[in-house]
C-alpha cells in the first residue's frame, strides 16, 4: 500500500520539527541550567573580591582582570594585522596566485584546534622566546587564533563599501591610501568592529590555548609578563578539582553572561549595518 | 606617512597580508620540529599502533587514543549531523522566513558558549544519567559523543542553512509546478542541490569535534584503554595532550607534540576536503 | 591660439578590445565642448581618458597622446594625482560621500593640506558657483545624503570646483534629474566657462545645442566630426551626424 505523499510530508514535518525543537531545547537548557545555579552566587562581592583558599571561598576578581586583559591584548595585535590584510586583498591587488595562497593560509589557520595553539604558544612564546606563562604569551597566542575571524569580517566590510565612493575619491585627486583612510575604513568600521567583538567573544571562552600560555596564577597581574587565570580556566580548575561546586557555578554564570553579551552586541551591530545599507 | 609614499604603503600592506600565512607556517614549523624527530626515532608503527602508553617506561603507543578519538568523533557525527541537517531543513523549508531569521542567529549565539561549560553540564547532568540507566562509569564514549554532538550542532545548522538558502528558487518552483509536495521537493530537489554545502558543513564539524579538548576531558573518562563498548571510559588524543603536558619532560613531551602533529595533519586534511566540497558547490552554479 | 587640450591619435583598449580609435581633437580654453553620440560610442571612455580614470580598470591600455597645456598627460613621469586636481570630473549618478555637506566640498582641498580659514571661503565660493549655496548655507554640517538628487549633483559640481581645477569634465550630469535641477546646472555651466574649460558628455542633443560652443559627434569608438555647434546642428558634413541629430537612430 502506497502511503499518500501528504501523509509522508506530515511525518517528515513531525520528525524534522521534533529534531529542531530538541536542538533548541538542549541549547536553552544549558543556558538556563547554568544561570539558575550560578546567578544566586553572582554578586558584586563575588566579582570584585579576591579568591581565598585556592578558590574555595572568596571571589573571582583577578580572573575578571585576566579575562579582560587577554582578549584586549589579542585584539590590539590581531586587528591591525587583520584589517591590513583585508585592505590589501580588496584594494591593492587583484585575485591571483598570491591572493589564493593568502586565503588558503587564512582558512587553514582558522581550522587549527585550540589545543594546538596552546602547544605552539607554549613552545614558542613561553619557552623559546622565554616570555614564560604570561599575559603576553597568552595574548599573542590568542591573537593568532582570532586573526582569521577578523580578516574574514573585515574583508566583507571593506568589500561592501560602494565602488562609486572610490571613484569619486580618486577623481578628486586622492591617492589610494588616502581613499582607504578617509572613505573606505570609516565606512567599513561597523563591520570591522563586529569582527573584533566576535574575536573577543571567542577569546573569553578559550581554555586550552590559554592554560598553556598564560598559566593559572590566582594573583592579581601587575604586568604583561605576569601569569594570570581567566574565568574559563578558573571554572575548569574549580570544576575538575572539585574545589567548590558553588563557586564553579558562579564563575560559569559570569562566563556565559560575558560571552553572550559580547556576541549579542556583535550581532546587533551587524544587524544595524545591514539595515542601514538597505 | 608622506615619507613612505604609495609604493611603500602597498609593500607594508603586502607584508601584513602574509601574517596569517606566516603564523600558520610558524605553528607548523614548531609543532613539527618538536614532534617529527620523535616520531622517526621511536618509529611510526610503534607510535601509532601500539597500545602501551607508559611514559615512565618509555612506551608511547597512542593507539587507544586514536581509537577513542575516532569513536567519540563518529558518535558525535552520528548525533550532530542528522539533528543539524534536520534542523536546517526544517528552518528553511517548513517555517516562515522571519522565524528562521530569528532562530538562526540565536543558535549561532549559543555556539559561543565555552566548551568547558558544555563539559561541565555533561558531567553534572549527563554522566549520572548514563550511569544510572545504562551502567558503566557514566564518563564514557557515549557521554563524549553526546556532548560533542550538541557542540557541533550550530556549525552544521548554520552552514547547511546557508547552503539550502543558496539553492535557486526556480528549482523549488519547477518541482512544485509538477505537482510535488514541499517535502518531496525538499528531499528530491533542494537538499540534493545543497548537498555539497551540507557535506562541507559536516566535514568542518568533524574537524571541530576531533580538535575539541576541554569538554571531552571532563566527560569521557580519560582511561587509557581501547573501548569495547560506548559505556567505556576513554581518552582522546586531545585529552592526552592536555592532561599530560603540564608535567611532561624530554621524550614524554616530544611524544605529546608528536600527537599534536598527528592531530594537525588530520584536521588539515579534513579542512582541505571541506574546502573542495565548497568549491564544488560554487563551481556547479 | 593654443588649444587647452590637444588630443592626437588617442586610442583606448580594454583587454585588447578597442573602445576608442585614434581620436584627433583640439579643445579650446574657456568654452563648453559638447560630446554627443549613441550609447556605446565611446563618449565616456574618451572623457575618462582625459583624467586617466580609465587606468582604474584592469587591462586598460592607451595609445597616442593627450596634451594638457602642451604637456602629454600620458607621459610616464606625469603626476596623475595632480592631473585629477587640475581636471575635475562630475559623474552621471550623483555620489555624495557619506559625510556632511561641508566635508564633501572640502574633501579634495583637505588632501592638499589647505588651511582652515581658506576652507570656509572655498566652500562658500564653490557652492555659490554651483547654485547650491542658498539652499544649504544653514546646514553645512548635516549629512549630504539627505539632499535631493538634483542638490546632490550640484554638490558634486561644487566639490569639483573646490579643487580650483582648470578643466571640468561632466559625464551626462543631468541624466537622472528633473527639468528645474537640469536648468540650474546648465545655467551654472554657462557662467563657469568664463573661468574653466568644460567638456560635457550628453545623451540629450538638445542640451548640447543649448549650451555648448563646440560639439563633437562620436559613433562606435570614433569621432566622426567636430565643429562649432551651430554648424553641426544645421549643416553637418557627415551623413551619420545628420542621421543621429535628426533622430534617424539613437
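Letters are used for the chains, namely A, B and C, taken in the order the chains are written, and counting of residues starts over at 1 for each.
Throughout what follows, contacts are C-beta pairs under 8 Å (C-beta built on N, C-alpha and C of every residue); 3 or more make two chains touch, one makes a residue touch a chain.
All values derive from a computational prediction rather than experimental measurement.
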* Which chain is the middle one, judged by CA centres? -> A
* Structure fact -> Relative to chain C, largest Cα-centroid distance belongs to chain B
* If you average the CA atoms of chain A and of chain C, how many Å lie between those two points? -> 49
* Distance from the CA centroid of chain A to that of chain B, rounded to the nearest Å? -> 17
* To do: Please compute the C-alpha centroid of chain B, do the same for chain C, then give the distance between them in whole Å.
  => 57
* Using the touch rule from the top of the page, what residues of chain A touch 2 or more other chains? -> 175
* Structure fact -> Residues of chain B that touch at least two other chains are none
* Okay, in this complex, where on chain C does chain A touch? -> 51, 53, 56, 58, 81-82, 84-85, 88-89, 91, 93, 95, 97-98, 107-108, 111-112, 156, 159-160, 163
* Structure fact -> Note: in the complex, chain A contacts chain B through residues 5-6, 8-9, 12-13, 15-17, 19-20, 22-24, 26-27, 30-31, 33-34, 80-81, 84-85, 87-89, 92-93, 101-102, 104-109, 111-120, 122-124, 128, 144, 147-148, 151, 175-177, 201-202, 204-208, 211-212, 232, 235-236, 239-240, 248, 252, 255-256, 259-260, 262-264, 267
* Structure fact -> Listed in rising order, chain A residues that touch chain C in their complex are 94, 162, 164-165, 167-175, 178, 182-183, 186-187
* Please give the residue numbers of chain B that touch chain A in the complex, ascending. => 1, 6, 9-10, 12-14, 16-27, 30-31, 34, 82-84, 86-87, 89-91, 94, 103, 105, 107-110, 112-121, 123, 125, 150, 153, 157, 180-184, 186-187, 204, 207-208, 210-214, 217-218, 238, 241-242, 245, 256-257, 260, 263-264, 267-268, 270-271, 275
